[in-house]
Structures are given as structure tokens and as C-alpha cells.
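Chain nomenclature is as follows: A, B and C, assigned in order of appearance, with residue numbering initiated at 1 for each chain independently.
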Amino acid sequence: MKRIMQIWLAALLATTLLPSVWAADPNVVRLATTTSTANTGLLDYLLPKFEAKCACKVHVIAVGTGKALKLGEDGNVDVMLVHARPSEDAFVAAGHGIDRHDVMYNDFILIGPNNDPAKIRGGKDVLVAMKKIADAKWKFVSRGDDSGTDQMEKGYWKALGIKPEGAWYSSAGQGMGEVLMISGEMRAYTLSDRGTYISYRDKVGLPILLEGDSRMFNPYGIIAVNPKKYPDANYNGAKALTDWIISAEGQKLIGDFKVGGERLFTPSAK
Amino acid sequence: MPLLAVKKLRKSYGERLLLDIDALTFARGASYLLTGDNGSGKTTLLRILAGLEQAETGTFLFNGVRYDSAADLARLAPTVLYVHQHCYLFHTSVAANIEYGLKLSGVSCSERKKLVQAEMDWAGVAHLADVPTHRLSGGEKQRVALARARVLKPQLLLLDEPTANLDDEAREQVVMLIQQMREARNCVVIATHDREMTAMEGAVHLRLEGASLHVS
Amino acid sequence: MTLADAARHAFELLLGGDATLWGIIWISLRVSCLAMLVATPFAVVLGFVLATFTFPGRRALIVVLQTMLALPTVVVGLLLYLILSRQGPLGEWHWLFTQEAMVLGQAVLAFPILAAMTLSGVQGVDARAAETARTLGATPLRAALTVLMEARFAVMVAIASGSGRVLSEIGCAMMVGGNIAGVTRNITTAIALETSKGEFAQGIALGTVLVALALAVNFAIAMLQGKGEVR
């Protein structure tokens, strides 16, 4: 029995004292962001450069915009990088966040099966295209997770006065990457942000059918959690990240980020 | 002074009165054979003396010190040592079993090894030292149980049907053990059916009939 | 990429010592090991107590334990998330999205398995074991430990089962850990992420390691049982 206790103690010490992969860093900045920024690889490219400068570590939690803002509202993260302007403005107005800045933009696109049964290819009006899909009930996959993309899609349906439901409309409740994969498998239409689409293009096999409508503009913003509301949030870290990402250096890096030779995000900080 | 003096012992199981003993003494250096039909209460009596079961009434004087309850008597272990019928051996090796009680009494490691070896030689199980106990025959198990008890030098040894496994070597061992206990001025009480045991010389016969004990 | 290609790529990643991959594996090992180390003493003691003593509420406690066995990992994850969130009662610990939270979650998941199997193992020990220990001079505590040792076969199987559950669970780790790269991304959450990105090679590599780990644990237990020569 004594031997067992000795082994137990040794194992306990070994696992607690041997470091986790990254040594516990006192200065951790928790960033909640969307799956579209995370899955494109932008943050893997961008953040190490920031971390080197600030001698801190950024922990990235990738969820939908809705959840990211909720995490900030509950004080479980320090800063958010999201893309749903109305929600962002409401968030700041309610006092949950401060220091909102534009960071970058890309745009949304409609993708779908190559044979395009709804005949939306080459169109210039996103609402017209969505109406064609709904009227003929062609398969459509929705994010369904209150993300920025999801909110944009719901905005289109609302503008059309259509409530999408039925066997043709799948609400996946998952991130952009997953939804792209699902759409590829189902050969369905879906609304995607360009950045994630480009990263996944080879795996998904669905062409872009409609783009360029000004209503498909997709701006990203960064917001820090309000330190008045959560004094023990890492506001300094959030501010450092915000300042860096809107600085000339951060903005240039965003513009330089390419996948397959294509730029995914356009820097837009003022 | 007797080693153990028992007075007014009563034990019932539900409605049935199992034991009703007015007075019973065990003397140092003596050996006792407890006989009686099946279900007559032999095991119960031994277990009460070992503190494993509680009697309704009864006082016990061990070496002149008074003990009233089963919990009290249990604290006398292993000075008072009870061995089950169909003895129970721990799921380790023979040597580890014999060593068990020694470890508890704080004997040093080297001393323990010596004592255990001597005991295994006495019981004739030295060749089985590292064998796991579930692989032993009935007789071998019994001999290990006796060795495990003997190494602790109990003053009062309570054996419940020790020769029930019909191993001649085990029976010889028990007889030898009784002899040695007598010589050491210790006491052994054996519950038994075995004719060869009951024919043994020099032992006091205690017969349980009804709920009373008859001494001869 | 075909399945065969993905499999080949998977082994290249593993054997090439890909740092990210092995970092993920280490996190799984560390978190699950710690969770087991933390949960086992308490669970084994509880299992022993339930098997040995009667007290008011014992029956109810056993029912609760057995119900916990069937709890889905996401439910445990959700409950812990609510508790550890800044809004929750333990928000001040700042444990959400850390390895500590994952360890806690997995300890909660392992606990009922360990306790229930210890309970049944100790119940299976002959009643004479405790008596024999007492008659040889053991104190009640010592006799209890001896009984536990007699049940060690069952306890070892309990540990193997518990390890299996925590190594392979994802629902809880995802919710309270947040799948943060290099911090709370373990094998299972990484598999989920990589497969969602269509990176099947990574998924296969990690899945293979997970199966190998499960085998290793069970093999180690079998070796211990063989050495102890318990039936």
C-alpha cells in the first residue's frame, strides 16, 4: 500500500510539474473570434508576430460571432474579433465592450453545385438569387449558429420576407468550415465568406456562383471587453492587441496573407 | 490465575438459545477439544471468544483484565488468535501471508524474513514460498494458515475444524502445534469432529449439547 | 486525397516528430493522467465505504453514482461551463478554457466508473478477509486496506475503464477547454477540428495514437494482474 502511494505521488508531481506544451504564461490574452478567421489560418499567421512583440500569449477560442460576443458579455474572454456590425454596435452600446475598431473586410459569396439548378450564376443581386433558391426549394445549408455569416443570411431572408423552412433548408449549427464541407457533400447552395471559401476550395468542389453585390460586404471589427464591467479582464493585453492589429504593421500583414496566391482579407482600419 | 475466565455467557439466534454457559475457564499450558453436533454452536463460541461476535451477556477475564464487549475482546488479537474453518488466505503468496501479522507488529524486515522462513520450514511449505495461495491444495492452505498463526506466538489459539481438509500432514501439524503450545505454557482450543483428534491424550473435552457445555 | 494517402501522411507526421501533433498528444496524456490521479483516491474510498458500511442515504448515493455513469459528456461539460464561467459560482478561479477545467471535467467523468467498480469489487471480497486481518492483529483501518488489496483486481479494471473513458471523451473537453491550440487542444478535440477542416491525415494520425494509448493502458493493467497472479 505504501508503494502504491509513493507511485501515485510521483505520478502526480510528474504531471503537474512537467510543463504543458506552452509554459504557463502570466500574460494571457483571451481572444474570442469567428471560425472564419480561425479556419483560414489568418490568426496562426498573424498572432505569433504579435506575441513576439508583447511577450504574451493569445489564446484563441473560435466560435460563431454570436457566441464570441456572449463570451465577452459574460467576461470569459478579454477581446473579440467578429463580423456582424449591428450586433457589434449593440454590444458596445449596452456597455459590454469598448474601443471598437474596424480591422479588415472581405465579402460574402453564394456557392453551389456546378450545374446550378436554381440558375443564379453570374447574377448581381443576392436577394433575387436567394428568392430563386427558396421558391424552387433547392438544397441550402445555413450556418444556423448566430455567427456573422448566419446573421447576414438571416438578414437576406428577412429582407425578402421569407421564412426558410422545409426539407431543402438545413440548419447545421456549425462553423464555416464544417458547413462548407457539408454543402460540398450535399451539393447544396450556401452563403460563405470569401476567406474561408478560398482556404477550403480544393476540398469542397463547389464554384462561386454569385458575388459582388454591395449587400455582401463583410467587415470585421475588434472590441475589447469593458474593464469597468470586468476589472480583472486583461484590458492591457486587449488594448495591445487592438493597437497592433490596426497599426500599419498589423494591417500590412493582414493584406499580405494569401492562400493559394489569393489575398483573403482586405485591411480597413482607419 | 487462568488465562481466560468466562462467566454467564448467553447467546441467542432469534428465538433459539444457542449458548448458555455459566462458567468456563481456560488454563495456561492446557489444550481443549470442543465437540458437539453440527449447529451446536462450536463456531459461535470460538468467534465470541475472538471478539468477532457479540454475546448478549458475558464477562471475560483475560490475564486478570476484564473485557466486556466483542469490540474489547477483538483488541486482544493476535494474542487471542482465531483461525476460520476452511481457512482464509489472502490473495498473495504463501510467504506474504505468513508475513502479514509480523508486519503489523513492527518487526524489522530482516527479522521478518528469518521468522517467515523458519515458519515455512516448520509447516513444510518452504518450497511453496512464492506460490499464489489460490493454487494450493486444501491441506497446503491449512498448513499455511497454521504457520501464519503460529509465527505470532498467540497465548490463546482458537482453531475451528483445522483437520477438516483430511490431509494427514495437516493433522500431524496440528498435533505438533498443540504440543508446542502446551510446552510454551500457551493455550489452544480446537473445535473438531475428527475422531483421531478426539482420541488425543491430555486434552480437556468440552462437549456442547443443548446450549450447555459439559466438561470431561 | 484517398484514405490510403491520408493514412500514409498520418504516419509520416507521427514518425517525423511533428511538434504540433506531439504537443496535442502530450496535452491529452497530461490532462487525462492528472484527472485519473485526482479522481482515483476519492472514488476508491467512496466505493469502499459504500461496500462496507450501511448508513442513511447509502441506497440513494449508489443510485446517483450509477446515473452518473450514463451522463453524456456534453452534459457534464455544460454544467461545468456554467459553474466555471465568470458569471458562475466558481468564476473567480478563472479556470474556464484552461487545462485545469479539462482535468476537473474528466475527473468528474471518471469518478463514477471508479467508485461503482470499486464498490462491486469490494463487495465481492470474502467477508472472512476482514475478519482474518483483524484476528492477525490488524486495526480496523488496516483491515480495511487489506480488504481493498484483496479487491485490487477489480480496482485495476476500474482504473483501466476510467482511463479509457477520459482519454476518448470529447464533449466535456470541447466545452470547458475551448479547443485552444497548444493549451486545451487534446487528441479528441483536435480530431474533431481537423476532420471538420477535411484534414483527414491529422485525424487518422491522432486517432491511431488514441487507440494505441487505450491499448497501452489495458496492456499495463494485464501485466500487473499477471504479475500479481490473481485469478
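Rule of thumb we're sticking to: contacts are C-beta pairs under 8 Å (C-beta built on N, C-alpha and C of every residue); 3 or more make two chains touch, one makes a residue touch a chain.
Keep in mind it's a predicted model, so treat the numbers as computed, not measured.
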Distance-maximising chain from subunit A - centres being C-alpha averages: B
Chain closest to the middle, measuring from C-alpha centroids that were averaged per chain: C
Chain centre separation (subunit A, subunit B; CA means) in Å: 77
Centre-to-centre distance between subunit C and subunit B (centres being mean Cα positions), rounded to whole Å: 45
Between subunit C and subunit A, distance of the C-alpha-averaged centres to the nearest whole Å: 33
Residue numbers of subunit C (touch at least two other chains): 149
Residue numbers on subunit C that touch subunit B, as the complex places them: 126, 128-129, 131-138, 142, 146, 149-150, 228-231
In the complex, subunit B residues that touch subunit C: 50-52, 74, 77-78, 81-84, 87-88, 90-92, 100-101, 104-105, 132, 134, 148-149, 152
Interface residues, subunit A side, partner subunit C - complex: 1, 8, 11-12, 15-16, 18, 20-22, 30, 39, 44, 59-62, 74-76, 174-175, 177-178, 181, 200, 203, 230, 232
Subunit A contact footprint on subunit C (complex, rising order): 23, 26-27, 30, 33-34, 37, 40-41, 85-87, 91, 94, 96-97, 99, 145, 149, 178-183, 196-198
